[in-house]
Amino acid sequence: MFKSLHKSQAAALTLMVLALLVLWYLGALWLNSDLLINGYERRNIDWSFSQLLADAYSMKRPLLPTPDQIAAELYKSIFDTKISSKRSLVYHTGITLSSTLLGFLMGAVLGIVLAIGIVHNRTLERSLMPWVITSQTIPILAIAPMIIVVLGALNFTGLVPKAIISMYLSFFPVTIGMVKGLRAPDKLHMELLATYSAKPGEFFWKLRWPTALPYLFASLKIAIAASLVGAIVAELPTGAQGGLGARLLSGSYYGQTVQIWAALVVAAVLGAVLVALVGMMERKINRRMGIAA
Amino acid sequence: MDMTVNTQPASSPERAKEEARKIIAIEDLSLVFETNDGPVNALSHIDLDIHAGDFVSFIGPSGCGKTTLLRVIADLERQTEGSIQVDGTSPEDARLNRLYGYVFQAPGLFPWRTIAGNCKVPLEIFGMSKEQQQRHVDKYLELVGLGDFHKKFPWQLSGGMQQRASIARALSFEPELLLMDEPFGALDEITRDHLNLELLKIWRETRKTVVFVTHSIPEAVLLSTHIVVMSPRPGRIAKIIKSPLPRERTLEDRESPEFIALAQEVREALANDHRIN
Amino acid sequence: MTSAMTFNTQSAPVSRLVLIAAGAAALILSLWITGGEPGAYSRQPVWLVLIPLMLLGGWFAMEQLTALGDRSESKAVARAVNLAVPTLFAVLLLVLWQLICTGFAVPSVLLPAPGTIGFTFFSELETLAKDFAQTWLKAVLAGWLIGCGSGFVVALLIDRSPFLQKGLMPIGNIMSSIPIVGIAPIMVMWFGFDWQSKAAVVVIMTFFPMLVNTLAGLHASDNLHLNLLHTYAGNRRQTLWYVQLPAALPFIFNALKINSTLALIGAIVAEFFGTPIVGMGFRISTEVGRMNMDMVWATILVAALAGSISYGLLALLERKLTFWHPSTRAAG
Amino acid sequence: ADPLTLQLKWVTQAQFGGYYVALAKGFYEEEGLDMTVKPGGPDIAPPQVIAGGGADVIVEWMPAALASREKGLPLVNIGQIFNKSGMMLTCLKDSGIEQPMDVVDKTLGVWFFGNEYPFLAWMSKLGIATDGSEGGVTVLKQGFNVDPIFQGQADCVSTMNYNEYGQVLDGGLTPEELTVFSYEDQGVAMLEDGLYTTEEKLADPEMVDKLARFLKASVKGWKYAAEHPEEAAEIVLEYDDTGAQTEDHQIRMAKEVAKLLEGNPKEIGYLDPAAFDRTVDILLSGDSAPVITKKPEGAWTHEVYEKSGL
Amino acid sequence: MDMTVNTQPASSPERAKEEARKIIAIEDLSLVFETNDGPVNALSHIDLDIHAGDFVSFIGPSGCGKTTLLRVIADLERQTEGSIQVDGTSPEDARLNRLYGYVFQAPGLFPWRTIAGNCKVPLEIFGMSKEQQQRHVDKYLELVGLGDFHKKFPWQLSGGMQQRASIARALSFEPELLLMDEPFGALDEITRDHLNLELLKIWRETRKTVVFVTHSIPEAVLLSTHIVVMSPRPGRIAKIIKSPLPRERTLEDRESPEFIALAQEVREALANDHRIN
């Protein structure tokens, strides 16, 4: 039964991916042919459909590159280039990954600390909570350059300013999730510990924390994806210091559509892998806590 | 309504002090819940004394304040009027002194701990040594028939087994006073009978004081030295019945004429001012 | 238990209010002493003592107010306190910001003082309103509606098809971890410079959270309720209407709220990659280049206001519609 | 060695070849400088960086520098590198644009972020409205590339003759298909890449000395770069952390940039006061969107140039 | 195990057909749940016939399959072996014909609807007119003692009141067959007595068929025409006891010797293969 479930998942996924690929090729033809036909007509070239087809799938600056073009670019910049080279996507992924992870770590810690404060102190809750939400309505891209400039003035350069922007995006889901989680204990459980006249620390470690763990992991998954977005956003204004964001920007700057898409694919895979890693950690802890898989 | 304990007159000067220490002394206690719809008189002018070694059952229709009264004793709720003393101190001090164990209506086990781990929670908090913890937990899980289920998680057990685990948890630190809120409500009759007998045995052997909430008349009669019949709106004590049965009881006693008469007395006291709402 | 969980202050409300007033007075005093004099702190660092003092006073006032709100039985007082405490907190931060800006004579091209920002906000209302109309009323609203709407509809469509879910959900999960910033230049390429391309970015950003949340919500119905409808031989539509949708409401609102802040950020990011010469993103990036940081911050203020108000309205609607949910009942 | 930080206006490319050559060839070291060159980016405003203390000297365009000065950040030009403007508007002939006035009713891509002043000055000179009103032009904030002209979203795009213009040609358009309005030719050119620092820093004689050595080494680098564009491009590629630049592109840029260095009455690095006045006049004459409202005083100094012994 | 109904021999050819239509016919039915830990034999070789007008109670220890058997009848679960017919058709058809009303162990009210709104759900689904809905709801809410609580929301009511509302909901569309899974488990004794009597009255007057799950021996004896005693692991029928009591019953009957004897018979059947765990 388990196996057949697995099989059908694979089948469903394969089918969807195939459907997506077909749509993609059709879309590429549709989007790119306009440009091409324009070009043919400007140059008064006679053209046939087969030529259009060939050209649409091999443009240098396509509106939508084909998956095989992206794959070729990926192959070139991942396997055909030394990892230490600045032309290697692995190198840039490493840069983005390090600020993502640092920012994620800082965001998770900040988020948890804020949540603990908010849950344990009414004044903090009332004064801070509305502004935690408001903070996320500030367009991060608008303040990213300022953060980088101001931090640069304080001699924080390179990794840290980017990580701080990641932190800004990732602390929020953690705070919200943890406030919910730390408040999730049953009234019954709270009263049970009260009958033992447990101390606040015991309330926290024996009850609040374990109850909040599932919430924590749910929000950590969101947070790590947000952290990646933060790192990439932070690489845009400092467009010359490497990273997937810089690749996106320079791709855009030089009209290298294929390069943009390659960076996007890597970013998506990176995001998926990071989320999956958090998920793995969650399952491991769940098993230890006896929660059914 | 003004009713004092008629069987053990607390205020009577001739009572021999040594005979039974007063563990719970409630005087003219009232509790009003403020709600959106207006105040709810959950408890009204309660007078009640409970002595060491008593087994007192609260019985009464839904909403008559049984749970609330138990919670006041446990310092989970505070009265709005009147006074209560638990073991000569305030309920809060009694709680801080870890005088009592409380069994809730629902099992309330931590899903992230095994059955044994759950029973250890109070022991850990009380700072008991590891081996001692193990000994206590082994003993009481065995007692409630869960000797083979130490390592299971709560959700791997049926509701009845969970409830038994929660009883073991309350017993495990051997409190002097046991407060039990419909602990056997979720169990089937046979298991319930078995646990009733076990509880009676523990009570007899350890000379604990038990305050017990139940909906079942036979259960109340089988277990109690005193049956407190309560009635609702406002929650008050309708009658306190002292049991003539000896401390040693068996399930067969349920067929005895004294038992049936006592059950009938309780039933009548209950029916007296009951109406369906 | 009761004592452990409630706030314990002995002082009477009147003396509390006096203390609050004293805190506020200390706050204003410190502002007055240093406010008018640029560079006062650089010249005379002694005045810096006032800052922790002021923070302490403010915190104290907030604590007292909180206690007041928690103790009061009147709903109006509680509501007023709910507003007053965060406001006081914000005022405290703003005063601190103002003091640092003037006290250290921070160059306005780096960080303008809140006073300047406020002034610019009101004097440039017209420009800000046009930008708001372009970015929020057109791109954000359209994108949010389409994105949330289509996410909802697709969730309804694939809710009953495990096959589609198995195929689409992994793809959806990967898609939602794609940093949208990357999609923005492509959308500008495809949909042009005007608000449509921004709306497209917003659609993509909001679609997946809505899809995932709605699906989770539709699966969150009580098994018992589903069984009940089964015994009534209720059809799909009835099951959806009587059981699944109400149970999904909290999830749906969750997505709507998340999306309301995501949408604005997405639209502003997309404007970074090309726009007509109006819009909040355009304003921010252009005015940074012109060193008009006050205008930049005024636009950020508009963004924060718009985001907070839409979030607040959604939260209000949520409370109305999910009055029955335990979390809403506990809060009210 | 004395530490010194330079903030560039844009990403690492041959536009800044001279500084990178000086860095790679050890010219700064020779002058006893421990040099840091910070690349910029689309949202990095160099004046902001210097105001925050993140740099000692910046590469900036004069209109933006003068605007900052009016905003209370006293930037001073200590040396002018480019003597000609490289900015132009590149239009499609197909759209019917042959003459300046043909742009009326067309859609134009313009760079903002402080780079829009020459365009605004030109429009003001031609009397064409840019606010979208009748008989004016439709202005788009152009993104990072020249795609709009290929995708038909704009009739004209902004280009630098050393950079984006090449990309237009690479994209398949031929010079015959294009009409190019160089701001230099249109008489609205403003001084582009120059070196700026703050009055505060100039008050420190030690800093002036460092800056003088910096200017000397930089000019040496620029001269070398102008003579060896291929090698300069090679060096730039080495410093490019994004790995996105290509050799052909950078060589072409290095060659074009070399032409902008020409035309200085003295050495590279000398700010011709006449050129300064021209820029100021153009800025002051623009009646729409005034960049500066009065003639700036003390916005340049020859102190550093003279001290450098060039 | 192979056991057929011994009191109403379904296969006997001499049974008068008109006397009682066979509403439920179960033959050699088994149900195995596949779980991660391996298969669970929830029901094993069940044979059971229930006739129109019968009041059949299932009683047995926790986990013996009472709920599962009820769910099979209601087409909420499907057997893995054997056959079942409900009113001559498959359980699915019976469900689609809206033959039965089901009262779950938990109230399962919609928190977003008032009590009256909850009772209207089935009526709306069955397309009843608005006034008719109102009439039905009024009638049955009155019957269960909730006449004054139409406009309250479920969470404003006690657990017992919620359970009564869910019973009203099941009665409101007047199904021919009532399937009730421990409907009165959460109620206090007095309310339970009252509702037992009401249920008996409805059953007598409308000649409905009732299949009833309970843990309480007195309740089973008081209500049923047939008591099905079940036993666990694997879930099977241990004994089917036909009640000699008349259809007209009162609470006082509980003291009658027939009643006590019957209760004892049930108790013995239960104890027969019961062990704790």
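Observations on the structure shown:
Chains here go by letter, A, B, C, D and E, matching the order in which they are written, and residues are numbered from 1 within each.
The working rule: a contact is a pair of C-beta atoms (placed from the backbone, for glycine too) under 8 Å apart; a residue touches a chain by one contact, two chains touch by 3 or more.
Here the structure is a predicted model, which is why all the values come from computation and not from measurement.
Chains making contact with chain B as well as with chain C: A, E.
Graph distance from chain C to chain E, where chains that touch are one step apart, equals 1. Of all chain pairs in this entry, the one linked by the most C-beta contacts is A-C.
Taking the mean of the C-alpha atoms as each chain's centre, chain C and chain D sit 39 Å apart. Separating the CA-averaged centres of chain A and chain D is a span of 35 Å. Our note on geometry: chain A versus chain E, Cα centroid distance of 54 Å, whole angstroms. For the pair chain A and chain C, the distance between mean C-alpha positions equals 20 Å. Residues of chain B in contact with at least two other chains: 75-76, 95.
Among the residues of chain D, those in touch with two or more other chains are 42-43, 45, 48, 52, 143-144, 147, 151. Counting partner chains per residue, chain A shows two or more touched chains at residues 63, 145-146, 149-150, 153, 191, 194, 236, 252.
Listing the residues of chain B that touch chain A in their complex gives 74-76, 95-96, 98, 100-102, 104, 106, 108, 110-114, 121-122, 124-126, 153, 155. By the touch criterion stated above, chain C contacts chain A in their complex at residues 1, 4, 7, 59, 62-63, 65-67, 69-70, 81-82, 85-86, 88-90, 110-111, 162-164, 166-168, 170-171, 173-183, 185-186, 189-190, 261, 264-265, 268-269, 272-273, 280-281, 284-285, 288, 296, 299-300, 303-304, 306-308, 311.
Touching chain D in their complex are the following residues of chain A: 35, 38-39, 42, 61, 63, 85-88, 91-92, 144-146, 148-150, 152-153, 236-242, 246-247, 249-256, 259. Considering their complex, residues 42-43, 45, 47-48, 51-52, 64, 67-68, 71-73, 109-110, 112-116, 130, 138-144, 147-148, 151, 153-154 of chain D touch chain C.
Residues 60-63, 145, 148, 158-161, 187-191, 194, 215-217, 267, 270-271, 274, 276-277 of chain E are the ones touching chain B in the complex.
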